[in-house]
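In what follows, chain A forms one complex with chain B and a second complex with chain C.
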Partner chain A sequence: MYNDTVARLTYRALLGRRRVLILLTLPVLLLIIAVAVRSFSGADDRAATDVLGSFALASMVPLIGVIAGTGAIAPEIDDGSIVYLLSKPLPRRTIITTKLLVAISVTIVFTTIPMLVAGYILNGNSQGIAGAFTVAAAVASIAYSAVFLLLGTVSRNAVVFGLVYALIWESLFGNLVPGARTLSIQQWALALAESTAGSGADITSDVALPAAVILLVAATGLGTWYAIRRLTVLTVAHDD
Partner chain B sequence: MSIPAQSAPSGQPGAAGRPDARIHNIGYRRYEGARLGASYARRSLFVHSLRGSFGIGRTARSKVLPFGLFAIMAVPAVIMVAVASTTGLDELPVEYTSYALFMQPIVGLYLALAAPQMVSLDLRFKTIPLYFSRPIDRFDYVAAKCAALAAALFLFAGVPLTIAYAGGLLAKLGFVDQTTAFGRGLVATAVFAALHAVLGLLIASFTPRRGFGVAAVIGALTIPYFAVTAVQAVAEEQGSAGAVGWLGLFSPGSLLDGLQSKFLGGTSGFPEELVPSDAAGLGYLLVTAALIVGSYLLLMRRYRKAGL
Partner chain C sequence: MTTLHITKASRWFGNVVAVNDITMDIGPGVTGLLGPNGAGKSTLIHMMSGFLAPSAGSVTLDDRPIWRHAESYREIGLVPEREGMYDYLTGGEFVLANAELHGLPDPGAAARTALETVEMTAAADRRISTYSKGMRQRVKMASALVHQPSVLLLDEPFNGMDPRQRMHLMGLLRRMGDEGRTVLFSSHILEEVEQLATHIEVIVAGRHAASGDYRRIRRLMTDRPHRYLIRSTDDRALAGALIVDPSTSGIEFDAAEGALLVQAVDFPRFTAQLPRLARDVGVRLLTVSPSDESLESVFSYLVSA
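Now for the complex of A and B:
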């Protein structure tokens, strides 16, 4: 289920040179905003929920998920170098699960740490807001990684579809059409944050907790299963 | 330049034993037609890019997205007119000046598809040197591409406005009101198109890969917007209404929103429909102009080296 060499190669692809800079920009931006808001308005629970909920969880986590999830496999399929990996005596299942674990770990590291730090900067974890959003970010990271890794095996334009889902479907249609919110990883993660945070924290989700947990597990499981399936039937020969 | 002209030197028989190798005149002719010059090339490049941004002259598959998005863009205008005329409203539910901003995600997606298509493919397939072997230089190239993308965006956002205007007139919403509002809407759309065109092209021109370009354009439009909206909400709750206006300067979307609410009499999407103060308004004008001019200059700098 896990292969060291594949993991090492994937880490190098994800964290090499320019990509790590892109991964770092968003957390840095979040910390800058957190420091600015704190110095500007003092510790405030509403401000913390606003910044963590509508910026960090709504755009930072999905974007890092897109970069790490698709970046773990899509470039290799795109330039054909996945062939060298597939031709090794490794079950293709192992390749997917390893890459998924790497993507999850990268996403979690790059989202939960800045989330927790920003939360402490904003209001010192009053009402457990920082902790709640960190849990939400961790859970969302797992689901996003699985879904976007799947996208990477399905489509050549994985990044585009990932961004369209993350930014346009979840944020904008979610704001306009309430029904779209039930099909959104962000809302499922928010449901977890809602139940973790203290009673005074103003975090609301449109999805009930049990449904959210089931949907999260289902999205992660199905995403992984279908990504394995896609890679198993991937033909090595190119037609272009 | 040692071309053996009419007859080979007779003293050296060729190795293949053909002593009288010669070049025959097989009828190549010089070009004697009209030379259409740089302005024609520039116009061709403009027309070609403009057509390409809607997928005209490309495969059927690449027409789907531009026209699909355009249809989505136009639907609210039609609905607006229908609602206004049946329920007897005296004005349209969405203002002309903020229509493009209201549909920002759709326009953003269209820009993210059109801008890389316009410049990244030229980089990827190394066709730039071919352009520059014609009588145009990089200034012409950048000008033609910017004008084409701005025109495409203007059409993309302006045609639905025109539909709404025509419908508004048919529904007898008041000719003078509608016409001034429509005029302001066109101005707002023009600024919107110019700003987004240069920004999109600048970002797209740095990568030969279309996917990266699309992602970068979407990211550059949305991330600052989310950040600004979140911080504005905080500032508004803290009761510092002045800060809300200044914060709007930091993303293209909120910049245009503040601009149209300050100078074109629209309603802003800021918290409490706040309108920036006079000083902030001046800031909006300056930042918008600086962004457009600065990106344009950077684009020209970008093409100083035609390769990658």
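Now for the complex of A and C:
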């Protein structure tokens, strides 16, 4: 299920100098926004929910998920170096599950910590808003990682499709077409945040909690399962 | 002792047939897979490496299919043609990672041995991104040897190597073959293959064109009819003199080109006789150029042979 060497290689690829800077950009931006909002309008639950909900959970988490999820496998498939993993007596299932765990851990670290810190800066976790969004970021990280890792095994343009999903489907369509929200990791995660936060917090999801949990588990499970299948039959691009 | 069996194997991609009904056994010793670019060598090696399923037929290691049997890799060492190889690692880290992925009991020692074998110990602490092409090739080689495989598959291993590196790799492969390992490498250069391989398999346009030791292949390649384009001060007089000689089998006068197209069947005799005959009939030769010396035409001759 887990291979140390695969994990080490994946961590080094994800946390290489350039990529780590990209991964840090959005969390730093979130903290700057949090400090600015707090200093201009003081501790305010409404502002906290807005910043954490519409910027952090809606944009930062999926974008970091795209970078970590696709970055955990797509570059190796692209440049052919995946061959060195595939030509080993190592079940391909292990390669996927290891890479998924690495992607999840990277996404969680780069989203939950800034989320919690920003939440405390914004309103000192009043109404449990910071905690609720941190939980949402954690579960969303898991689902995004699985979905984007799958995307990385399916398409050479995984990052582009990932960005399209994260920015256009979840943010734009989600705001315009109510139905699109039902099929949105962000909304499923919000359902968890809604149930975790205090009663005074104004966090609402379009999806009921049981449905959200089922959909999160299903997306993660199916994404992983299909990524394993894809890698099992992955044929190396032929240059002939 | 491990033998690769390729039995009636074909592989197509959509409408394109890359490998067409090939049957061959690759046993211990060094085998060269020779063919022009695009002949299907890589596709064949990918099938032997378990990276492609044959569309028809079978590819097995002894009697176990390779496709989707990860355990095969305990016996196979692979040197891919593509360059992607975790450039952010050092050569030493890369070989060590390969040893670990094989689950070897002492990966550190195995990696050191492999790096010594390819003489990369000195550069092992440098990042792969700083390596020359030849050094990358040697580190790839070390990663393929780290688990002492009985089968070694190399896709165009000599590409981009300088003569010294080439000699070194040839020596290494020869030694592996002498040790009883099954070594298969692909190349589109006859000289490379005949210097190294004890056995040659020729692939042209996805088909198995010839098989044997290098002398047989070399003879097949030089004994074919050669075509020449000749221009002279008097083409018709020269044509008359040439057709009488048994070294030619056909002459065409191409008025548009203003040249003779000569088909020579006895290559050494023709090259010796041509200037002599020209002198005898008092004709000056202006152009003598082989019109089909490209490797592709040599290979396509082999297919029809």
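Simple rule for what comes next: the second predicted complex is superposed on the first by the 237 of 240 C-alpha atoms of A that agree within 3 Å, B and C clash if a C-alpha of one lies under 4 Å from a C-alpha of the other, contacts with A are read in each partner's own complex, and residues count from 1 in each chain.
Methods note: contacts are C-beta pairs under 8 Å (C-beta built on N, C-alpha and C of every residue); 3 or more make two chains touch, one makes a residue touch a chain.
All of these numbers come straight from a predicted model, not from anything done at the bench.
Novice: Given the superposition on chain A, are chain B and chain C in a clash or a fit?
Specialist: Fit - chain B and chain C, as placed by superposing on chain A, sit side by side.
Novice: Based on the superposed arrangement, let me know which partner A:Arg92 touches: chain B (first), chain C (second), both, or neither?
Specialist: After superposition on chain A, A:Arg92 lies in contact with chain C alone.
Novice: Could you tell me if A:Asn3 is touching chain B, chain C, both of them or neither one (first, second, both, neither)?
Specialist: Touch status of A:Asn3: second partner only.
Novice: One more residue to check, A:Ala58. First (chain B), second (chain C), both or neither?
Specialist: So A:Ala58 only meets chain B here.
Novice: Identify the partner contact of A:Thr232: answer first if only chain B is touched, second if only chain C is, both if each is, neither if none is.
Specialist: second
Novice: Which angle, to the nearest 10 degrees, do you get at the Cα centre of chain A between the Cα centres of chain B and chain C?
Specialist: Taking the centre of chain A as apex, the angle works out to 70 degrees.
Novice: For A:Asp50, select first, second, both or neither according to whether it touches chain B, chain C, the two together, or no partner.
Specialist: Only chain B is touched by A:Asp50; chain C is not.
Novice: Give one of first, second, both or neither to describe whether A:Ala36 is in contact with chain B, with chain C, with both, or with none.
Specialist: A:Ala36 contacts chain B only, not chain C.
Novice: Looking at chain B versus chain C in the superposed three-chain picture, what is their shortest Cα distance in Å?
Specialist: 10
Novice: Which parts of chain A are in contact with chain B and also with chain C?
Specialist: none
Novice: Which bits of chain B are touching chain A when the two form their complex?
Specialist: 105, 109, 112, 211-212, 214-215, 218-219, 222-223, 226-227, 229-231, 233-235, 237-238, 240, 243
Novice: Of all residues in chain A, which touch chain C in the complex?
Specialist: Residues 3-6, 8-9, 12-13, 16, 76, 78-81, 83-92, 232-236, 238-240 of chain A touch chain C in their complex.
Novice: Contact residues on chain C for chain A in the complex?
Specialist: Per the touch definition, chain C meets chain A at residues 13, 18, 37-43, 46, 49-53, 68, 70-74, 76, 78, 80-86, 88-89, 97-98, 100-103, 143.
Novice: With touch defined as at the start, can you tell me which chain A residues reach chain B in the complex?
Specialist: 26, 29, 33, 36-37, 40-41, 44, 46-47, 50-51, 54-55, 58-59, 63, 66, 156-157, 159-160, 163-164, 167-168, 171-172
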